[in-house]
Structures are given as structure tokens and as C-alpha cells.
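A, B, C and D label the chains in the order they appear, each numbered from 1.
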Amino acid sequence: MNALLFNCTLKPRREPSSTQAMLDKLDKAMAKRSVKSEFIHAVDEKIAYGTASDMGKGDGWPAIRKKVMAADILVVGTPIWIAQRCSVCQMVMERFDAMFSETNEQGQLPLYNKVAGVCVVGNEDGAQHVGASLIYNLMQLGATIPPNAEAYWVGKAGGADDYIDVGQGHEYTNSMIETMSSNLVHIAHMLQKTPIPVDGNTAE
Amino acid sequence: MNALLFNCTLKPRREPSSTQAMLDKLDKAMAKRSVKSEFIHAVDEKIAYGTASDMGKGDGWPAIRKKVMAADILVVGTPIWIAQRCSVCQMVMERFDAMFSETNEQGQLPLYNKVAGVCVVGNEDGAQHVGASLIYNLMQLGATIPPNAEAYWVGKAGGADDYIDVGQGHEYTNSMIETMSSNLVHIAHMLQKTPIPVDGNTAE
Amino acid sequence: MNALLFNCTLKPRREPSSTQAMLDKLDKAMAKRSVKSEFIHAVDEKIAYGTASDMGKGDGWPAIRKKVMAADILVVGTPIWIAQRCSVCQMVMERFDAMFSETNEQGQLPLYNKVAGVCVVGNEDGAQHVGASLIYNLMQLGATIPPNAEAYWVGKAGGADDYIDVGQGHEYTNSMIETMSSNLVHIAHMLQKTPIPVDGNTAE
Amino acid sequence: MNALLFNCTLKPRREPSSTQAMLDKLDKAMAKRSVKSEFIHAVDEKIAYGTASDMGKGDGWPAIRKKVMAADILVVGTPIWIAQRCSVCQMVMERFDAMFSETNEQGQLPLYNKVAGVCVVGNEDGAQHVGASLIYNLMQLGATIPPNAEAYWVGKAGGADDYIDVGQGHEYTNSMIETMSSNLVHIAHMLQKTPIPVDGNTAE
């Protein structure tokens, strides 16, 4: 069982990242359940703007797309900026958008029989709306969404508390990570055993 | 296998309803897959405003809540008004909100091991954002969300075409209903066979 | 200069309301600027479900609609429930929706030359998305939106701190109320002096 | 009176752009009202990812920021991708985010006394939610929002009709552009004559 975890922070990998801090906790929680995770630090990957699966020379997406297809569990992690998923996260989702005109070997959308969840970190507000739209995108693309498949941190109105400094000690958020981890793994095992049959869900 | 379908139209049952027209199609598609559906016409049910499971004398929710707990599949159908889920739909979701402080026999949230989807009808815009927030709410409450668990109809900008008149012939929407039906039923069967185990997902 | 303030809490007027507590502060801030406010406690007003300006016998909306038309400043106050504007608030907005097919004496939408703002209270998340959609609705209906026309309170992730108990002491939120008050009043005075001319903005 | 119009398409300037087609119409409508517009084709401008006003060597934002400060009217144009404002648009808004810790000469947020609006083009859905969040961001940053300050195009569910091909002939959308143009210009003139006074709306 393997997972692919996208860190969509605006900052390069060498800088401390609240999103990475949350994904690290999720990784640990899934590792206890025998899941091997790989991370994609999206802003460093030279992913081109666009909505096709391959935008040509220098595009970092095609290599990442192969890892997406090989994963059982997908997790998208994003900070909140100006109340929205950040631009790097949206750039990644635009590349996923190409999959709406692609299929797996059965003719279903490429993310069928994968499970997905999201991690969202912000300083004051927006975690549920950012999470909702990401979960919706992943579900549209064919992923199955387990219960409680989002973990998030936000501080109070106008807050200045970063997840990496303050949120990591927040019991509520830690409990969400634990629950999310457990449910992602269970539903992924279910889908391995009984994949979604071809029945009304293929492009014709 | 049984399903509970909420029609959250603002109009009483005796009036034609686009939301009902879409739910009827979904019912037929699920009946082919041996699912028995019951409908809740929410505006007629004397559901009280509030966020507790029982708001006292005259409240229609407690009887509906029992049906929710007995269902394997939950579907929330809503029209879009002023770009949002309608008020009757939000009133229903506010009653679901009480479940965040309740559990099933295993200590998990009450909607664990149920699957959920949504049907959304509007004249011009808003179907994906309305669908995303409803799917998110149901996932938070413990439901599992299959791939493509939303069917919707919207016409073009400023459009005046009702689903009941025009949308029912729309191939794209009909295809969404068929896919949604298939996936709801498959995941519901999976969860019957291998329920989500107690592991990090109970209130302590 | 007069203002109409909607309190869209789910609770009857006799119960303590966080939304009322915030609107009271806004009232005081506007009173300092010579604005006279009237409150509508929407859940007590027997407003019918629907999307017409008059839903017939017993409907409380037509009387409120007259007050809307007489006001210079409109403020919609709502709690957040399950990450959304609450059902009472949406019910009120559905009644405003009828105005899309109505005009003022110049043929513009009825809310032209009024200014609008919003107050949003929640325990943990959602204030900006709830505020954004309300502000958008009011702008679509013809109101002008001053800078910083929202005040809100939310606590941290999973938070249990009510505005009425904790948020009232929150400096950031108090500062938003003060700013909003000032800007609502200034733009309202501007529009009194130089109303928006008939130019491309009338229904034909 | 001058306007700055952001085209946030994912495509370079040399390719046909639906967003540009709508902004061109808006430009013509505002030119009739004596407004001079300049366009920013954001994806070509080497704007860095980040949330500061200057991200250092090679960053295209500081030059654009000067144009923002010199403009009376700001318009953000974006396509909808996967139900959201596109990544280039969000990248631009993240650069605007830096202004939350900056002020004009009076100590107000830098966009005070500017007016703002949005143009949104998509194939099937999402125009109002994308528009609402952009309008909200601009209002938070200090802009005043006139009535009907959004023009949009979306086709019907699952639609494949581009604005540039089909939407340009759509009467409803053309009417929105005309109304938006008129109201942006009127409110901008009002704010030139009577700027928003310093009163409760400065930082500290």
C-alpha cells in the first residue's frame, strides 16, 4: 500500500513549511498502518501552467503523473492564502484536470480505485471551504473519499499562529490526522480487494 | 440495500419539482441495482430550525433521523437559489449537525458505513460549489463518498431553462445520474461486507 | 441616514445571540456617526419559504421588504452552521432574490443607491467564505459595497468559543466593526449626494 | 480616469483567450465613458510565487504593483478551471495579499479609493462563486465594489462552448459588461470627488 503526498506550499523545500509539518504527521500515522509514502514538493518540480497531461519540453508533470497512477492513496496538502487554496495547489489541480478526458484500462476515469484526502493549514479561516473544493475535485476525478478525509489547522480571526509553531500541539487537529489516516488506509484496502466494477461509469 | 432521498425544494410536494424529477431518475437507476428508495419531502415535514437532534414538541426531525440511521445510502437533493444550497436544504443539514456530538455503537460518528451523494438543479450556475459543500458536510459526518457522487443540471449564464422542462433530456446529466447510481451501490455493498474498523476514528 | 440590520440567528429573540451581540456593537459604532438602526429578528417574523416578494397570507416578508426599501444601509448578520450561512439567512436571501425581476423608479435594481455589509459569527471556520457569498448576493442585487464591509469572529480549529462569551473582547474583530461602520456611512452619504445615474444599468 | 485590467489566462498572449475577449469588450464599454485601460497579461510577466510585494531578482510584480497604485479602476479577469479561479489569478491575488500590511499615505489599505470588478469565463459552471471570492478579496484589500461589478459567461452542464466562440454573442453577458462598465466609472468618479475619510479605517 503506497501513498503520494503533495506539498503545495509556495516555498521551496529548503524552507520550513507548515504544510510539510502536517504531512509529516500524516506520513507517520499511515506508516504505523504499513503505508509507504512519497512526497511531491510541487513548487520545486518545474510543473508547467496548463491543462494537458504533457505541456512539452521541461514540464515536470508527466513524471509526477506516473507516480499518481502508481499510488493507492493521494493526499493534497495546501496552505490557505487570501482565503483560497494556494496557486501552486491550483496549478497541480489544473494538471489533474487533463484526466477528465483520459481513462484507466477499464474505461473509467484514471483515479478510480484510489482514495484521496486533504491537509489544509491556514492562520485564521477557510480550512473547510478549501478542503471541500479539493475533496470535490478529487471525487470528480474518480477517487473515493473516506469519512473525515481532511485534517486542518486554523487559528482565530486575524490570527498569526502558524501550524508549524502552534498548530502541531493542537489536539483537535492531531485527532483529525489520526482518523484520516485510519480511514484512508481501510478504504484503500477495500478497493484493492473489490475494485469498482465497470457499470455505468465508463466514457462511451 | 435501501436509500433515503431528501428533496429539499422550497415547494410543497403537490407542486412540480425539478429536484424531484432528478431524484426520480436516480431512484429508477438505483432500483435496477436492487436498491429500495424512500423520499423525504423536507419542506412538508415540519422540521424545526435548530441544531439539536430533537427540538421538542411538533418537531418532524426525530422521525426522519430514525430513517437516516436505517438507510445504507443517503442522497441530498437541492435546488440552487441565489447561488447557494436552498434554505430548506441548509435547515436539514443543520439538523444533521447535531450528529457531530453523537456516535454509533462503535463510538464512531453516526454516518459511518453509509455512503452519500448529492443531486443539484439550478438554472444557470453554482452546481459544483453547492455540490462540493454538501459532499464535504456528509463526509465530515462520517459518510463515505464514492467517485462521481454528484449529478447536476445548470443552463447557461442567465439561463431560464428548468431541469424539469429542459434538463431531463440533457445527456451529460443523465450520464452523471447513471454513474452516481452505480458507484453509490457498489461502495455501499463494500461497506456492508467490510465495515470501517474502530481505529483512531472514535470520540474518546 | 438609517440602517436595517438583519439578525438571522436560528434562535428566538428571547435567547442570547452572538449575532445580536455583534450587531449591537455595529449599531453603537454607526450611532456615533448619526445613523439610526432598526433590527429584524428574522426567525421570529413568520417569513415564508419562497422566492417571490409576497408569498400570500401570513407571510411576514412584505412588511420587511418595505423597511428594506426605506433603508440607506443594509447589514445581514448570520451565524455559521456546518460551514455555511444559516438556513434563516438563506431564507431571507431567497426573498431578496425576487428583486432580480423588480426595479426602482429609474428602472435599476431595487437596491441601487443603498450600501451593504455583513456580520458573521462562528466558532471555528468559514467566516470569509460565508461573508464573500453574502456580499456578492447583495452586490448582484444592486447594493454598493464599501471597503472592509465585513466584520467576523471565528475561533481556532474545532473551537468552542462563542462570540458572545469570548469574541466580544477580540481586538481584531472590534477593529473590523469600527472600520466597517465608518465606511458604510461614508459611502452611503456619497450615494445620497450623487446617486448612480441611469446608464446601461436598467432592465430593458 | 484610468483602469488596469488583469488577464489571468493560463495561455501566453499570442494565443486566443476567452478572458481577453471579454476584457476587450469591457475596455470598449469603458472607453465610451472616457476611461483609458491598460492590460496585464499575467502569465507572461514573470511574476514570482510568494506573498511579499517584492520577491527579489527577476520578479515581475513590483513594476505591476506601481501600475495598480496608479489606477482608479481595477478589473481581474480569470478563466474557471476545475471550478476555481485559475492558478495564475490566484498567484496574482497572493501578491496583492502583501498589501494587507501596507498602507496609503493616510494609513488606510492601499486600494482605498479605487473601485474593482471581475470578469469570469468558464465552459459550464462556477462563475458566481469564483466572482464572489475575487470581489471579496478586492473589498478586503480596500477597494469599493459598485453594484453588478461582475460579468461572466458559462455554458450549460458539461458544456463545451467557449466564450470566445459562443459567449460573445450572448445577450445576457453583454448586458452585464455594459452595466459593470457604467457602474465602475460612476463610483470611481464619486471616490475621486469625495475620498473615503480617515475614520476608524487606518492600521494600528
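Criterion: a contact is a pair of C-beta atoms (placed from the backbone, for glycine too) under 8 Å apart; a residue touches a chain by one contact, two chains touch by 3 or more.
All figures in this text were calculated on a predicted structure; none of them were measured in a lab.
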Farthest from chain B in C-alpha centre terms, which chain would that be? D
When C-D is set beside B-D, which has more C-beta pairs in contact? C-D
Calculate how many whole Å lie between the centre of chain A and the centre of chain D, each centre taken as the average of the chain's C-alpha atoms. 29
Dist(centroid_CA(chain B), centroid_CA(chain D)) in Å evaluates to 36
Between chain C and chain D, what is the separation of their C-alpha centroids in Å? 25
Which chain C residues touch at least two other chains? 83, 128-129, 132-133, 136
List the residues on chain C that touch chain D in their complex, please. 29, 108-109, 111-112, 128-129, 131-133, 135-136, 139-150, 178-179, 181-183, 186-187, 190-191, 193-194, 196-197, 199-201
List of chain C residues in touch with chain A within their complex: 83, 124-129, 132, 152-159, 161, 167, 170, 172-173
The answer for chain A against chain D in the complex is residues 10, 43, 49-51, 81-88, 90-91, 93-94, 96-97, 133, 136-137
